[in-house]
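Handing you this structure, nothing more for now.
By written order: A, B, C, D, E and F. Residues from 1 in each chain.
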Amino acid sequence: MKLVTAFIRKEKLIDVISALFEKNIHGLTVSNVKGHGGEGEKVETYRGTRVKKELSEKLKLEIGVSDEFVDLAVKTVMSSARTGNVGDGKIFVIPVEKVYRIRTGEEDNQAVTPLTPKN
Amino acid sequence: MNLLKRFIEKGAAPLIVAAYLCVFFLVSLVGAQEETEAVASTINGADTGWILVSTAFVIFMVVGLGFFYGGLVRRKNALNTMMMSFIALGIVSITWAVIGYSFAYGSPNVNLIGLSFEFFGMNGIGLDSTTGDDGIPKILDFAFQGAFAIITAALISGAIVERMRFSAYMFFITIWSVLGYAVMAFWVWGGGLFDFGEHNLFGLNDAIDFAGGTVVHINAAVAALVLAFMLGKRKDHGNKAMLPHQVPFTLLGAGILWVGWFGFNGGSAYGANATAALAMTNTLLAPAAAIVAWATLDYFRTGKVTAVGLATAIIVGLVAITPGAGVMGPIAAIVVGLITTVPCYFFIEWRASSGLDDSLDVFGAHGLGGIVGSLLTGVFVSTTWGGDVDGSMKQFMSQLVAVLIAIGYSVVITFVIASITRVFFPLRAQESLEDVGLDVAMHGEEAYSDGEGAILIPIGD
Amino acid sequence: MNLLKRFIEKGAAPLIVAAYLCVFFLVSLVGAQEETEAVASTINGADTGWILVSTAFVIFMVVGLGFFYGGLVRRKNALNTMMMSFIALGIVSITWAVIGYSFAYGSPNVNLIGLSFEFFGMNGIGLDSTTGDDGIPKILDFAFQGAFAIITAALISGAIVERMRFSAYMFFITIWSVLGYAVMAFWVWGGGLFDFGEHNLFGLNDAIDFAGGTVVHINAAVAALVLAFMLGKRKDHGNKAMLPHQVPFTLLGAGILWVGWFGFNGGSAYGANATAALAMTNTLLAPAAAIVAWATLDYFRTGKVTAVGLATAIIVGLVAITPGAGVMGPIAAIVVGLITTVPCYFFIEWRASSGLDDSLDVFGAHGLGGIVGSLLTGVFVSTTWGGDVDGSMKQFMSQLVAVLIAIGYSVVITFVIASITRVFFPLRAQESLEDVGLDVAMHGEEAYSDGEGAILIPIGD
Amino acid sequence: MNLLKRFIEKGAAPLIVAAYLCVFFLVSLVGAQEETEAVASTINGADTGWILVSTAFVIFMVVGLGFFYGGLVRRKNALNTMMMSFIALGIVSITWAVIGYSFAYGSPNVNLIGLSFEFFGMNGIGLDSTTGDDGIPKILDFAFQGAFAIITAALISGAIVERMRFSAYMFFITIWSVLGYAVMAFWVWGGGLFDFGEHNLFGLNDAIDFAGGTVVHINAAVAALVLAFMLGKRKDHGNKAMLPHQVPFTLLGAGILWVGWFGFNGGSAYGANATAALAMTNTLLAPAAAIVAWATLDYFRTGKVTAVGLATAIIVGLVAITPGAGVMGPIAAIVVGLITTVPCYFFIEWRASSGLDDSLDVFGAHGLGGIVGSLLTGVFVSTTWGGDVDGSMKQFMSQLVAVLIAIGYSVVITFVIASITRVFFPLRAQESLEDVGLDVAMHGEEAYSDGEGAILIPIGD
Amino acid sequence: MKLVTAFIRKEKLIDVISALFEKNIHGLTVSNVKGHGGEGEKVETYRGTRVKKELSEKLKLEIGVSDEFVDLAVKTVMSSARTGNVGDGKIFVIPVEKVYRIRTGEEDNQAVTPLTPKN
Amino acid sequence: MKLVTAFIRKEKLIDVISALFEKNIHGLTVSNVKGHGGEGEKVETYRGTRVKKELSEKLKLEIGVSDEFVDLAVKTVMSSARTGNVGDGKIFVIPVEKVYRIRTGEEDNQAVTPLTPKN
């Protein structure tokens, strides 16, 4: 199993989620993050204080999937989160050794996704 | 080309200020001599006291409006939205001093229409001048009415938040506060057009507008609608959920607006008298009735009484009672509150899913509420409660005609002013800035900042 | 069964409104004829002006209360808590117009108890009616006193936040504002039961309640306590830390309450006179003393002066001075502020760790503060400062008896009304909803939303 | 040693309170007999009403100030900053009652300087005493002027937020409110030093300070500066970006301050009269002009009109017009607003990058604004507008001398009081606490808490 | 070493933390996230705008442990975070190659947990 | 490739970011977290309610780097985030199987860092 971890634009979230749902990938977690990549900096001014904001608001998506779903998840995120402008983000695929469903104690593949990917 | 554009953009505001300055200095030289001429009449302390307070209250409404609107937008546009109210405090006060008050209350240059220069640059308003019978210092009348001009201009912003360019907005309200507001204020209160009876127009009665249903609410709401059309809808409108980022601010704003409105309506009695007391009571009961009605509709339809709905109901009730606050009985006020809520509720429900991006429902609340309230004033006005007439079909028609003229004028003048504005500034922010949010884009600030990842730039850089 | 329940739940509110509507229309027909009968007496402009302002201030208190309470709860219940104050503005205004004012100030049907229908549906209150000697328009008296009724009902909510069903709350305050509040208002101010001296009851003096220590604060606090008992404690009470989600709102609320209270106490002088000035000064000094005392206790016990403590101290000081604001000297006011703080401080300390889930300490602040303040009024009342009597054991006893009666009545009537409410609506939200939070559960909204993961539902769905 | 220190730290506050208590009880015994002596003169209802309202408004300013300042600091210091304003409501009210009012308005013990004990512990202020010609109850004068003392003390805090120890601050303002504020209030308004003309000092005219430019704003700002120097700069000043954590609070605060200022300036007319109306109007126009000027400067320099800038401009405009609000014409007020903005704007720009950590620019806004406003009052004061003199070089010099004396005295007295404070409490919080934030460190609370990871401590632990 | 990563209910946090502390597991990090799993959606209404909220507020727990602690940590979280209702969450066990303690530069096992699990 | 995951003090962020930028490491993501480690607890009081705060505010830094950058990234964070007092935090180096740049679809090393470390 893998944890597909993507940093994406805030305004793309709904598109990405909807795309994932369509592919039958329903388990995911989102968090607010701030990132620095190739994007330009913003300058802000508060009275005499001028600051350069090095970080822009992004979202982090964590999607735990069984191995056969990895590619699908990556592709789905990639296509739905892309705008083509700098700042679209990255996807990291992280290995996972074990997965448990807290409610039932089920392990591994049972705990993450439906059995067959829907294309 | 780009340079020229940039010059105009950056240069327009200072030029305007420079112009102000010149005007004022001239005026102050001239004015100094003439000020003492006005005939002193006695000032009524009690009435003056109440109008002093009312003025402060109406100014407070502008703050309330900033929060009412500011809470309803997305986080990234919170400051921009609030600034649209706050900047009106600066700009409109000044335009009101230069010419607005004169247009609204000077003796008319153009019959029925006004455009007087009598009080240009506050000329002729001295310490001893009063409003006449009322025993209110004229300079206080200036401030009290100025507060109305400010809130009216600020109201417009609700329809165009999250996308209008701030400089265009500033330019727009500078002109609109004079040609859009002050002119219509003359028609309603200065002895102009809407005194149908006095001027024998259309065989109608004088249109009644106790505290500004037409000139403030319908006027602002129609202007808002026109601007919203000219700007087009927000990029995300109809695609994405755009939720209020801080509903408590909206409740706070509604609360402050209500309190301020006691000065708005109560002060319009121009004295601390029974009419003020009546206006006060009606200003309590109509929104209360609107709350009850709105909550009931909410509950009936979705099983849930919403906070945003309640805040909206307060505004609708306040708007509805404004034109008739001091001329109808309290039971009538309750009825006005109940009745007006219904069309506003369903209009706002419908609006959200329509293509019309009157973002914060200025028209649904102030426009429709103002129209229904004005018409109902024609029904419920009562001599028993201090009105000049009793409700009648004729009065209803007078109200209707006034409403229609107000709508028509507001459409035209707003379109004209916005078109002029467009010559100097694009009305709309670049689309990509809508994603970033106008706070950063237009003001270089964030409403809520934790300073993370912010690096201090040494001066000189 | 379920369907029936749902019908009752969904149907009750509209039915109530429908009933209102009918009543009002009838009344308005009748009322129209009788309004002019009242004997006109002269209106005092200065006094009227001050009461106009005071009315606005007391309404502002309701907004302040919403924020004071709203800041103290958890984020997920912020709107629900604020709504409990805001909805009171709607509901209680209307019940006050229908029958509350009549019960409180009409000439009694039942001796000592009131229950008058004289002003039913505001019948008989015309533009020219005044309160008599005071020279205040009667309709303003209606609004001013109505604001007291609203804030009293809203105060109750502090004890039952984060778990009471909103519809049950609405139903409850609809009735309570009449039978709980208006009835007791008659006893205190309308010439009823608490005028022990006048009616030769128990050989006591008239109980003194300048601005509402018994009828507002003790009354609301006891009702709050009873409701809290009937509801039971929150699921997390005693297990989990439930921290104020936004202390600045609580400070803002306390600040607004303080400012509003100047109208509450100052306006209770019913004029812009020396007594109002005294009440104003005492309303400044007593909370100031309470702040100093509370801060000292805080500092002594934990080394830290807390903000929530300071906000609480403000309320305690304000409550304490309310019954005697216009009848004791300023030094006495300071002493009242200092003394009252001590029991309230320790009671609130204790309460938190007890099983008693009076969630926001309505009893600790308003109940205990009101009781101590009322009793101390019997000690410090002074003819030098405009009181009818000087402090004495007899007056102390009169105060004590009034307090006890108020407590007793409030216990009974609240229990009865809540029991009736329970027939129509379960008082309490389902336990699982406490985890979700009542904002989403009861109102379908979140106080602070970033719109993440929110998908627009097209109309029709 | 440590124990002793801890005792002093923890013990000082209660000892102060104990001292208060003793004083009051004694005073109340004595006071009771003397109260009736004052000669009753007629109370003017209208004027009293307006001052009642103005008092409430000025108290509201303190709340506004807390939010104005509180929004500008970092999240972790939000409560501490707000508390510095709120605690002043408690402490200064009491010092004002004990001795402040007496020092400011009693007949002087030391000629020109004051230090009167006439009204010690409010002795001699009865229900019937008035301020004389004004027809305002003396006890209201006490409260109204007390509100000025409170806001002045609170203003200081802006320079020392995010690092001053709270107990040291409390101790400091306790003394400063008497020796810093009340003494200078006597000089300006009590008939003291600054009545140069009356006392034939330096051949100058009486210095004009209509509503408190010197005694409130310059005084507080200089004290702020001195304290900022004595404390040294924040650890992060100049290294790290310290951004306002909640700009809407700053806008709210500025709005509330503006509304409250109508009472501050308008109430300083001591009546509901034409001068009050003038002061009101000027208090609208000067900040409006300041907004326009600031926005223009902002726009010209960075292309962006900032919200924090706009809020600052409001304050600058308000401060600038304070000394001359009721003695100059409205056009002059606009000019004052425009002119004063320029130096304040550039000073504040420069300050941020300097080593001077006047954290929230108390000096830039209140000090510089007050100085320029005071001097311009000497230029624009006009008998046409109710001034005693017309603007002249001599008057300008009188203003200048008054400003210089005010600055000099404020420097010295603040230094002395802070040095005394230092004996009992370290002025500054430990450096490591600056990272944690003073909310947790000084108050044991967080402004915004989600309760995560918070474990309830059972009582007794 | 492993990073035990759990998505749990907000209201269960204190229970989970206390349970971990009892087992002598003290190093952990919590963050606010929003997740979608099997839970039902909520509908909210703001004036005319009706929205479906696809995400519910959850907490993410990251617990870096040495290999012998993994099972204990997983079990402890699982039992203390369970309610038995849909939405209890998942646990992912992620491999970690290196751990450093920033304060001292200590590496790996020294950097994470006490040496012997306490049962 | 690795995901260098560090939990650091809030007030150290700017120092850490600047240090990383100097080393030519520009891709990173920051999030707000709360952690428990060896630090003392804080007690807070709200009216009668006294609570022990088990968690202190920290920041989480995620830096996706190619293998040759791992050591540099770790050292840079370690030295710039250190104060020497308890609470400085931990660094976890997590293996990553795949990295994608959403904008271009580029994979792995291309997607993360400049090609040669700058010392």
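We take it that a contact is a pair of C-beta atoms (placed from the backbone, for glycine too) under 8 Å apart; a residue touches a chain by one contact, two chains touch by 3 or more.
Since we're looking at a predicted model, the values are computed, not measured.
Visitor: Sharing more than half its contact pairs with B-F, counted by residue number, which one of A-D, B-E or A-C qualifies?
Guide: Interface equivalent to B-F, from the options A-D, B-E or A-C: A-C.
Visitor: Determine which of the two chain pairs, A-C or A-D, is joined by the larger number of C-beta pairs in contact.
Guide: Higher C-beta contact count between the two pairs: A-D.
Visitor: Distance-wise, how many Å sit between the C-alpha centres of chain C and chain F, to the nearest whole number?
Guide: Each chain's C-alpha centroid was found; their separation is 52 Å.
Visitor: Chain D to chain F: how many Å between their CA centres?
Guide: 45
Visitor: Express in whole angstrom the distance between the two chain centres, defined as the mean CA positions of chain E and chain F.
Guide: Here the centre of chain F sits 18 Å away from the centre of chain E.
Visitor: Residues of chain F touching 2+ other chains?
Guide: In chain F, the residues touching two or more other chains are 14, 17, 30-32, 34, 36, 44-46, 48-49, 51, 54-55, 94-95.
Visitor: On chain D, where are the residues touching two or more other chains?
Guide: 44-46, 49, 53, 240-244, 246, 302, 304, 306, 308, 350, 352-353, 444-446, 450-456, 459
Visitor: Of all residues in chain B, which touch chain F in the complex?
Guide: 450, 452-455
Visitor: Report the residues of chain C in contact with chain F in the complex, numbered from low to high.
Guide: Per the stated touch rule, the residues are 241-244, 302, 304, 306, 308-309, 312, 348-353, 361.
Visitor: Which chain D residues qualify as touching chain C in the complex?
Guide: Touching chain C: residues 9-10, 13-14, 16-17, 20-21, 24-25, 27-28, 31-32, 35-36, 43-46, 48-49, 52-53, 55-56, 59-60, 62-63, 66-67, 70, 78-79, 82-83, 86-87, 89-94, 97, 121-122, 125-128, 136-137, 139-140, 142-143, 146-147, 166-167, 170, 246, 249, 442-451, 454-456, 458-459 of chain D.
Visitor: Applying the document's contact rule, which stretches of chain B touch chain C when the two form their complex?
Guide: Contact set of chain B toward chain C: 44-47, 49-50, 53, 57, 74-75, 238-248, 251-252, 254-256, 258-259, 262-263, 266, 271-278, 280-281, 284-285, 287-293, 295-296, 299-300, 302-308, 310-311, 313-314, 329-332, 334-335, 338, 350, 352-353, 382, 384-386.
Visitor: Show me the residue ranges of chain F that touch chain C in the complex, using the header's touch definition.
Guide: 44-49, 51
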